[in-house]
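Next up is a structure, given as structure tokens.
Think of it as A, B, C, D and E in the order they're written, each chain with its own count starting at 1.
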Amino acid sequence: MGQFLEVLIGGLMSGVLYSLVALGFVLIFKASGVFNFAQGAMVLLAGLALVRALDLLVANGFPLWAAIVLGIGFSAVIMATTAWLIERFVIGPLVNQDGLTLFMSTIGVTFVIEGAAEMIFGSDVYPLRLFPTDAWFVLEGLFPGGILVNKLDVWGALIAGILVAGLALFFQRTKTGRALRAVADDHLAAHSVGIPISWIWFVVWLAAGLVALVAATVWGTKLGVQFSITFLALKALPVLIIGGLTSIPGAIAGGLIVGAGEKIAEVYLGPSIGGGIEYWFAYVLALAVLLVRPQGLFGERIIERV
Amino acid sequence: MLYREAGQFKTTYAEDMAIFPISQDRIALAVLLGIAFIGVPLLATFHIWPFGSDYLLWAILLPFLILALAAIGTNILVGYCGQISLGSGAFMAIGAYSAYKLATGVHIPLAWLGFAVSIPPLPVLASILLGGLIAAGVGILFGIPSLRIKGLYLAVATLAAQFFFDWAFLRIPWFTNYAPSGSVNAPALDFFGLIVQSPIERYLLCLLLLTLMALLAKNLVRSNLGRQWMAIRDMDIAAELIGIRPLYAKLTAFAVSSFIVGVAGALWAFVYLGSWEPLAFSIDRSLQLLFMVIIGGLGSIMGSFVGAAFILIVPIMLNLIPTELGVPLSTETITHFEFIIFGSLICYLLIKEPHGFARLISIGKEKLRLWPFPY
Amino acid sequence: MRVRDTNEILLQVEGVALSFGGVRALKDVSFNVRKGEIRAIIGPNGAGKTSMLNVVNGFYHPDRGTITFKGRTRDRMQPFEAARGGIARTFQNVALFKGMSALDNIMAGRTLKVRRGLLWQALRCGPALREELEHRHRVEEIIDFLEIEAIRKVPVGRLPYGLQKRVELGRALAMEPDLLLLDEPMAGMNLEEKEDMSRFIVDVNNQYGTTIALIEHDMAVVMDLSDRVAVLDHGVKIADGTPDEVKNNHAVIEAYLGVAH
Amino acid sequence: QNEQFIPILSYRTGPYAVNGAPYANGVIDYYNLINERDGGINDVKILIEECETGYATDKGVECYERLKSKGPTGAAFINPLSTGITFALTEKTAADKIPIITMGYGRADSKNGAVFPYNFPMLGTYWSAADIAIQHVAKELGGFDKLKGKKISLLYHDSPYGKEPIPMLQVLAQKYGFEFTPIPVTHPGVEQKSQWLAIRQNRPDYVLVWGWGVMNSTAVKEAAAVAYPREKMIGVWWSGAEPDVTPAGDQAIGYKSLMLQHGAGRFPVHADIEKYVYAKGKGSTEPGKVGEVLYNRGIVNAMLGVEGIRKAQEKFGQKPLTGEQVRWGLENLNLSEARIKELGFEGMLKPIRISCSDHEGTRDGRVQQWDGKSWKIISDWYTADEALIDPLVREVSMKYAADKKIQPRECSKES
Amino acid sequence: MRVSTPKVVGVATEAAAPVLSVNNIEVVYDHVILVLKGVSLEVPRGGIVALLGANGAGKTTTLKAISNLLHAERGEVTKGSILFDGVEVQSQSPNDLVRRGCIQVMEGRRAFPHLTVEENLLTGAFTRRDSRSAIAQDLERVYAYFPRLTERRNSTAGYTSGGEQQMCVIGRALMSRPKMILLDEPSMGLAPQIVEEIFEIVKDLNAKEGVSFLLAEQNTNMALKYAGHGYILENGRVVMDGEAHALATNEDVKEFYLGVAGAKRKSYRDIKHYKRRKRWLA
């Protein structure tokens, strides 16, 4: 029982950490219909920019808090520049193309970001420590050894929760949110009613970039900032489609389901069939969910009419 | 002037329906085939430039042929039938491992039934083709969700196949004949007593299979089944309302595609790598194939070739050029540049022509026709 | 020649109701189509005309009611089963296969008539080739009939709207249907093209004896072409009869026509 | 030209760059040292070219094809630093007659030179590593008999690399009666939470770590998070370098790993490298990183290759040699204590003697421990148990020979 | 027959500069397909101009060129210029144009399928900076024009009927309070009553608020009834233009576009097979 709870809680929490990455995907998809494969690379870029700036500032005698503020500012500027470049040179010219082409172009962008980020900021492992990484052992009275809860996971979950609430409000309640959804539906028609697509896309990519920055602070603390962070994109995908590509709360729900599901599967099912099953388990889970609801749990209905 | 159809009248529908109705195209193809089947082996045998070493054959042409085959398979599914798949790598793996099992003998101990299924080792060619068939079977299985799941959702769902088979071939020792490391070795390439060994022989083997399969694929996409696939791709509801059964159309696309991809996988393992592990068919391979298909042109067999060439060769060129020119850059920087340039190039191409090289070529042809007038 | 006056009923729709969530698109609609006639369905926007066609060819499944086609009653039919039974249709929003040429689009319409399987098609020789040529012949006849020879190799995405509608009609004809459902075939056409289209519809009806059900908002066309007209409003059939009867029906004038035409 | 060409397959980008780069730096610096200090190997200059593989097998094969016939005599030998590429190249190198040196990695069965004439898994295979690790565990527990009933888990990178030790550990588990659990971690290894939760429940007495790249530091961090004592973790020699522990900060204190004979630190050869290479501005990394674990492994690896060529020159003459000739040199390599001292590697290595039937050369190792700032050697030399390993090597390699229809050489008849 | 030089348009309003003038534009799709071969036209301030022509004549293309939407469809204006309200359209982004008061109703019922009908209408007001209440007021006005939309205001637009979608996109354009509306086939798929309603709206807005219209329309009858001026496009060229009632009484136009050759309208059932396409170009 104790172990089950522990695995469950650990799974839920780490699932939410994936939601942080998935959120960036959702933002961009919701606003432009672009399935942004580069989100993982953007987390890497944001993380590298942040950690390198921090190192430099601390080495130059800035107090830690000032370094953090400046570092985050610097990395936000980098993400803004990236957003602008992407809109200007890649996604902008591809307006009104079909989803697959746009998807492929973001893989192109992934290459560019990976190459550029490592070239500019280096390809080592850079430790980042913004959040505590040790653990609490709760309910020790009830279970022998208590139940382990990682502080970092709790932080991550908190941040993800706040982000989701904010973004969901933004999308549902504001005029810009409505315009974003219109753009995702039909680029050309959005043009024709006067929605400034370039500006909107810049804003969304920037938002996705900032979400990537937030994800980078958490994941950077967890793994150290390094190339492997880009693999998070692949872990975030099942989270994303379980929740539904267009749903911000769905990203969290998907994270919870994937996290809990795969951890429980790995711990209880894994040993009997060889272990290491969590990678595909998340995807099979996603497949199963899609078979029941082809648009994910919270996604917009796929419109089929003649 | 050079590219005119004027004067080439077609008097029967059969003529009109030939693969290359225009004679200039036919000549170009004949020249190409001549070079591929006769020119290259000749040059390579006598080590004439650019075949001074095996490099061109081994490291460029061989993988190009095999990946072009895989790209054709992928194109059938993605380009013709519109079912985006990120699992092509897995189907290559299925082809490779099935062929491996068949070529080394299959033994399935059904202990609880009290007997075992045993198949003696099959000849290599039979193993490769049967490997393709098994891939086709699995393809059908994984195609079933496509009846409900569409578009990018399907793309992500196909990753389930990718990761599942990555895992299965790594973790289930039966597939690797209990090799301790999980890495397996291809059997000797024995074709009816002829042992294919040298790069030239390997090249010819792949070329032959590729030409054959490309022809069959081209025939399929030109006939009714191909039209069914394209109809499903362009508008599945309307397709259904004119009598196309989505079940049949989609599953045949999955089957044919997986078959070709599976054969390509078996060739990749047997002929190119010789010894491999599941990582050779990872998600990167799937993405690479998808790239080839999209850059080459969705729904174009010829585009698959061009796409394969582009995706395979450009990174190598980008990597080679600085060293050849003697630019004093560290390999690290070169690789980063390679990434940046390759990524930019992909974006640039997609912007220039979202429908890939195939469309560029057809626009080029149209321009040639109108030449010297711009439109 | 036309077999218009037989009283044989080809399609019988009986008490069909259809709703989507709160929206009741069809409420207990019954009507029939006689063999060989041109049957028009008219009504204001959102009356449920398209939904009616969708029910007939199995794209929507009615909540209640039955559909009897050629004497067989079905309640849950898949669209391709309808197609196999001999129902073809065109769409309100052109639903062509955008990436394919006009010729391929029409050839696709012959899917149900293709006999040779995958392997033969891959080899494309002997009987498979012969069969393909045969279909090509039939399709060329249709192309000829619709006067679209010049555009057969053009990808349909590039065609202007009116020609797309014509190709769509060609695709439906290629199925050699018994019942042809046309959803606003003349929307977005100018007079000349409407005349062409009318001629095709009348000719199909005359030459092949194809039964036609037609939705159209141009009253002149409807009144001239159809044998009988059914009028829907808010999912209810409010009138049914010959063009003249309908034209003078008060409910119809009220709901749809406005001033009498 | 009087030049001997040596290709370098490296990875300085991608998920494993952190570990690939220092290694390649060591290799390059040592070749430069030979050129700068000695003017080459007996005046035959070393010509190198680097090719980036990104740890990907197909890129590795492409690199190999590109470089194998460069230089006046083609590649002297190849060293891919990737088990996957090693597997893919094994057959090709044998056909091309180019030795493949896989120092401390690669396929364990290739130790048998009779079947694998061109493979040289020098200094230690994973089977040796597994045995040494268990020996150390036994020593900490106070004797082999104490192993009985203990629980030992293997946390491994789910790839041929990580799976290599499993058969050996199974043999050992049977022999000593401990309970052995393999726990796979999927590439690249950033997600290990469930594995560590399982470990927390199961409480194994020791956890062996067979990781690479980010997997190592993640393992250490997760261990800290579930409060598993780092002292009870023993990494293989690829899980015991600086990048594996520094990201974990203080959480890594106490973590142990095997050493491929050498560890971190500076030895006489480093002084030469500083003097002849770095002083001239030709160094390939920051001087501060000279002497790190993987850097040192790079120079050891380069040294073995160079000595192999030197040995071959004794027989074939002081000129550029072909891969086949170098193979002979490698197979007859015999580095005595004195020679090692002469080369400036005293204290890093034990004597090495390669032969036709034993391409491994030695099977010695030590254990080191991270104290938060540097690696400290905490054990004596262990030698892996040949009696245990050799039957397994023979069995597996003979199966390979049968599969590939290879006629094993008769080692007794080799000169 | 061919009226080639587009003189100053003869509408009796002030001689002020036209709100829109298109000068000899040429449009190429996909780098090779030449669609417009020199089209010139003018819309006077506060005028209603009809653009007539067969399928594929290039009406839609002309309108898209004006609102600068061609780019996204891989088309470009290779020659000529377009001036809206004194500014060169080519240098403006589509949303700038909307902000300046020129909005297009695209053909093909391009409503945003996942948004509700009401949300669709509200996106039309995106460029507006005035108060919420003004927007709400306009919303009510649109609902008053199209009562059918009121019933369906909370339905997902993708699931509404063809005609409802058409009303939705027209209403959406009205929401931006434009100076000029480019209407592409507004009457397509609408019931006769609604068609009349649309043209009444056009007249109303034109008279009361001085909105200018450029109408690409197949319903020639209606279009010429409400327009002040008309252009006839064939095969990418303007083949005829003139005042609406002059066009309506022209014998050729009467026969080919209005179907009233001679005295009586011919029944659609009795059409015989004859060809007469491209008669002005022969």
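As a convention for this text, a residue touches a chain if its C-beta (ideal position, glycine included) is under 8 Å from a C-beta of that chain, and two chains touch if they have at least 3 such contacts.
Note that the structure is predicted; figures quoted are calculated from it, not measured.
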item	value
Pair sharing more residue contacts (C-beta pairs) when A-D is set against A-B	A-B
Identity of the chain that, by mean CA position, is farthest from subunit E	D
Label of the chain whose CA centroid is most distant from the centroid of subunit A	C
Separation of subunit B from subunit D, taking each centre as the mean of its C-alpha atoms, in whole Å	36
Rounded Å distance, subunit A centre to subunit C centre (Cα mean)	48
Approximate Å spacing (C-alpha centroids) for the pair subunit D, subunit E	75
Geometric centre distance via CA averages, subunit D-subunit C, whole Å	73
Where subunit B touches two or more other chains at once, by residue number	167, 170-171, 237-238, 241, 332, 335-336, 339
Subunit E, residues touching no fewer than two other chains	33, 159
Sites on subunit D at which at least two other chains make contact	12-13, 21, 158, 184, 186
Every chain pair meeting the contact rule	A-B, A-C, A-D, A-E, B-C, B-D, B-E, C-E
Subunit E to subunit B touching residues, read off their complex	28, 30-34
In the complex, subunit D residues that touch subunit A	12-15, 17-18, 21, 158, 182-186, 188-191, 193-195, 197-198, 200-201, 213-214, 217-218, 221, 224-227, 243, 246-249, 251
Touch list for subunit E against partner subunit C, complex	29, 33, 52-57, 107-109, 148, 151-152, 155, 159-164, 166-167, 185, 188-196, 218, 220, 256-259, 265, 267-269, 271-273, 276-277
Residues of subunit B defined as touching subunit E within the complex	363, 366-367, 370, 375
Subunit E - residues contacting subunit A, complex	67, 69, 71-73, 93-95, 97-99, 103-106, 110-115, 119-120, 122-124, 126-127, 156, 158-159, 169, 172-173, 176
